[in-house]
């Protein structure tokens, strides 16, 4: 027994050395992307990765950064905090990445954030939405996408202008679902005191059967239902709600990423029509040359239309690149200064202007709302009568300084 | 009512697991993967168009049967007489492999199709709209239960299936081809899972990650109903379906924990499940 | 035998000084999982009970530490006793109800209990932080330094191994194996199987709590995933992969699993596929675990007292 | 006063009446046999006495104490030893460990988690004594997994003796043994009674052996008492002759 024990443990240094042998020469600037590539949210990891890769190809094509090429190293966070922390450590210590980017899940973002201080590595979050992340005032954590509170406030501002008074909620039973609804309804009641809440439904994440929740909602007779269901959950919910004739009676108010191509793609032609869907980016909305060029390049490279997560990752990488250019250095403090300088870095993204608030490193940007409508040009529903909720309506105070 | 609809899909998901455990004694951790695979097959065959639903459903089920037979021949029979934890580990390995292979073959995006022909519009029950496809699903599940029962209790081969769980040596002595019988049972169980997955495609999005959730639900259903019992599985599915429907309305805060509490309670007071057979008295 | 153990101890003791930073992280992870796997196997090997509920003990200890540090500002190391008590209590409750059942029924009941605890941790935002977990738990001093944590984990592994070794030779250890081998016979020599199995469950769960404490010290955070059934699955894989019948099999399984994961992940995102293949090969071709690949012959289990 | 008394015990399994209204009394120092074909209820009665099965009706008294609903592991401590029909002791242990464990179990010393089993000198000594008494000295350091059935029976009886029983229950001690082993075992059982003074209750379907050995005999048939008495009474009992001995002869 002991013989085997020694023999095997004797091998350990060798094996560990093997894992470290992949270290390359210095030249490229390495960006480690933590996205979810397996499990229920793998579709988002995929589009995020594609967007980031496109940005890196663009930058490399125009000569790289500070005279160096960019290299993307993509790993799977599995949407599990522990796995993500291990992988982040591997990226930092073994792959020697200069930056961490990506992150699709709130818990993963919170778990990885402390590593930025420990190893002095900037982290640019491009998807995870928990407001708690930027409330930590972590010096090396930046978020170039909306957080759930901004989205909920934007939704409330829009909802206050609609005639609906009886509201209900259906949201996934985790922090994102709860905080979004709380923020939304608090803000809506502020703006429109006669709003009434008739019910709240909390299906678990990954629920396959929404029928009890749907029947409950139908019986509670709201005029509009607020929801932050997303990903496969949204597809499943919409399928089942459709079968109940739900949308004939109730207006769905789908915050913040309902009109994600990852979700409305699989809904296909059966998606509900005339419902209010929001997204952080809608590829047909902006007519700017930046957007047109991006959509074209993305479609050419990946043979898909860019979803919000693809665009957020593209824009996030570009924004990081802008900070690097400004800092003319890669170390965390220089990047921090570059992001914060001159009232906060701004960047003209395909979706429009992104502005980073220096205090808490939260980017503010406009949010897209529109009504779903059938399309002859695409195999999915598109948005019409689009309302852009301007970024100023999403700004909320921060305690960071 | 809504509980019944979810019971129908839970039943189709779980009954194969129960059948396989009852006859082969194998705890199949990959059961949810075969459920997802059935859905993937149907999606690939129809190319996401609901028009081909009924046409390709039998093909998807047949494909699942074949997969089940192959898996049994290649892997399962090697662990039939081994300790339980090897069976669990092997089927867990299959779960991992199928998960990644289907990601490679079918992509990571959510698969779902529209309502199949004949079930596009809801029906009205007491003035409340109710999805007609759910009635169809309940019908399919009931038909599956009935056919399975007829097979097990009214055909000679079905008698063998039931007997093999009790006394394998005896069947061998009688000249029954037991290895083939095992292949048939396993394939049937997997076929049922594939069928369950395929018919749930209009109601739910299938993607990577579904398999794991599905197999845990299936475990809960068969543990509550009774491992190895068809009617137990049906009862378990109805109970879990109704409890979820009830829990969602009354105590949404605790709905996650609810089913686990039920599962634990059943195991404490009737470990072999509500309709399961208590383990034979040892002498 | 003794010299070899001593050599192993020396190798492990000087090991960190030859590792780069990432290697050290991998080594810590392997040691922590090793502690968990050894503790798990205390129950599995001696009673034959396959628990799917050890995540509950592991996570209960982890959460106790995380909560005491984050809410009451306890110093990290001071939380260890309470963390172990929490793991022991959880193990006592789960064990008390579960060990009456056998085989798959036992496995399922332990699964149900740990999933309940997971649901609580996942839902109770005010207390556990829900799915956002508890983060920013930087342990000061020794435990906060990777080398220090390595040695702490190594000491834990030695400690746990020592306890298991002693228990194995004790009357209680024999009693457990008697119950595993032939429960009816054990009853008929005047042994109440129940209390020994509960005791084994509690001891195994408590030692798993030590692993949970170390895990939180290493990860600086606690998430509901600690309590999820996949955590139990991971330790089972490590144990069986290494070889549950060998004394150090579980620890070796943990090392193999962790190192393999680190290597595979640095090359591909298809780690689950690779793990699946390894498990498949293991079950079909070397069921006694990785350790059997390094042995010339299959050893019978010869109790040491008789040797 | 009898050492063991079974009063009007009944037991059924899912509608099958395994025992109905069975009573018996075993005097201290006697050798009592239960006879009957397979399925007659002998083993069921055994299991009822040892508390493995809960009984539906009736009572079991040992040394005037009601043990009807006492679990097996407690009954052992009252002074009943048990040896099983299919003797499978603890295969992962040596013969010595098997017996020593039983010695410690009786003394309630198995709760110790810290000291090695065989460091209990007096227990080891007593175990060695018992082992040499049953004639297994040469095998005491062998794993029981490797032993033939005849030796296993002895190991099993040695384990039972470690419980210092006033009453020893032997379930089919001769089953599965060769002719030579049987002769040995018969002598061995006699010796048990003679030199240890242990009261014995055993089941056996080898009629000749029973008639040779037993002081009193009960014949069970389909869960009921067919006859009860001394070997001579049983030999001449008309129903027994018809149903049982007749066929054997």
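Quick notes on this structure:
Note that the chains are named A, B, C and D in the order they appear, and that numbering of residues resets to 1 at the start of each chain.
Basically, a contact is a pair of C-beta atoms (placed from the backbone, for glycine too) under 8 Å apart; a residue touches a chain by one contact, two chains touch by 3 or more.
Predicted model only: the values in this text are computed from it and were never measured.
Chains that touch both chain A and chain C are the following: B.
Using the mean of the Cα atoms as each chain's centre, the chain most removed from chain A is D.
Comparing per-chain C-alpha centres with the mean over every protein C-alpha atom, the closest match is chain C. Centres computed as Cα averages put chain A at a distance of 73 Å from chain D. Distance between chain centres (mean CA atoms), chain B to chain D: 48 Å.
With centres defined as mean CA coordinates, chain D is found 42 Å away from chain C. Distance between chain centres (mean CA atoms), chain A to chain B: 35 Å. Shared interface positions of chain A, defined as residues touching 2 or more other chains, are 37-38, 173. Touching of two or more other chains is recorded for residues 122-123, 184, 272 of chain C.
Of all residues in chain B, those that touch two or more other chains are 99-100, 253, 256. Listing the residues of chain C that touch chain B in their complex gives 50, 97, 100-101, 103-105, 107-109, 111-113, 115-116, 119-120, 122-123, 184, 229, 233, 236-237, 240, 270, 272-273, 275-280, 282-284, 287.
On chain C, the positions that touch chain A within their shared complex are 1, 4-5, 7-8, 11-12, 15, 18-23, 25-27, 29-30, 122-123, 125, 130-133, 135-136, 138, 219-221, 223, 225-226, 246-248, 251-252, 255-256, 259, 262-263, 265-266, 269, 271-272, 290-291, 294-295.
Within the complex formed with chain B, the chain A residues making contact are 37-43, 45-46, 173, 200-204, 206, 208-209, 211-216, 218, 231-233, 235-236, 239-240, 242-245, 248, 262-263, 265-270.
Residue ranges on chain C touching chain D, taken from their complex, read 166-167, 169-175, 177-178, 180-182, 184-193, 196, 199, 203, 300-303, 305-306.
Across the complex, chain C is touched by residues 50, 52, 71-74, 76-77, 82, 84, 88-94, 96-97, 101-102, 104-106, 108-118, 120, 141, 143, 156, 159-160, 162-163 of chain D.
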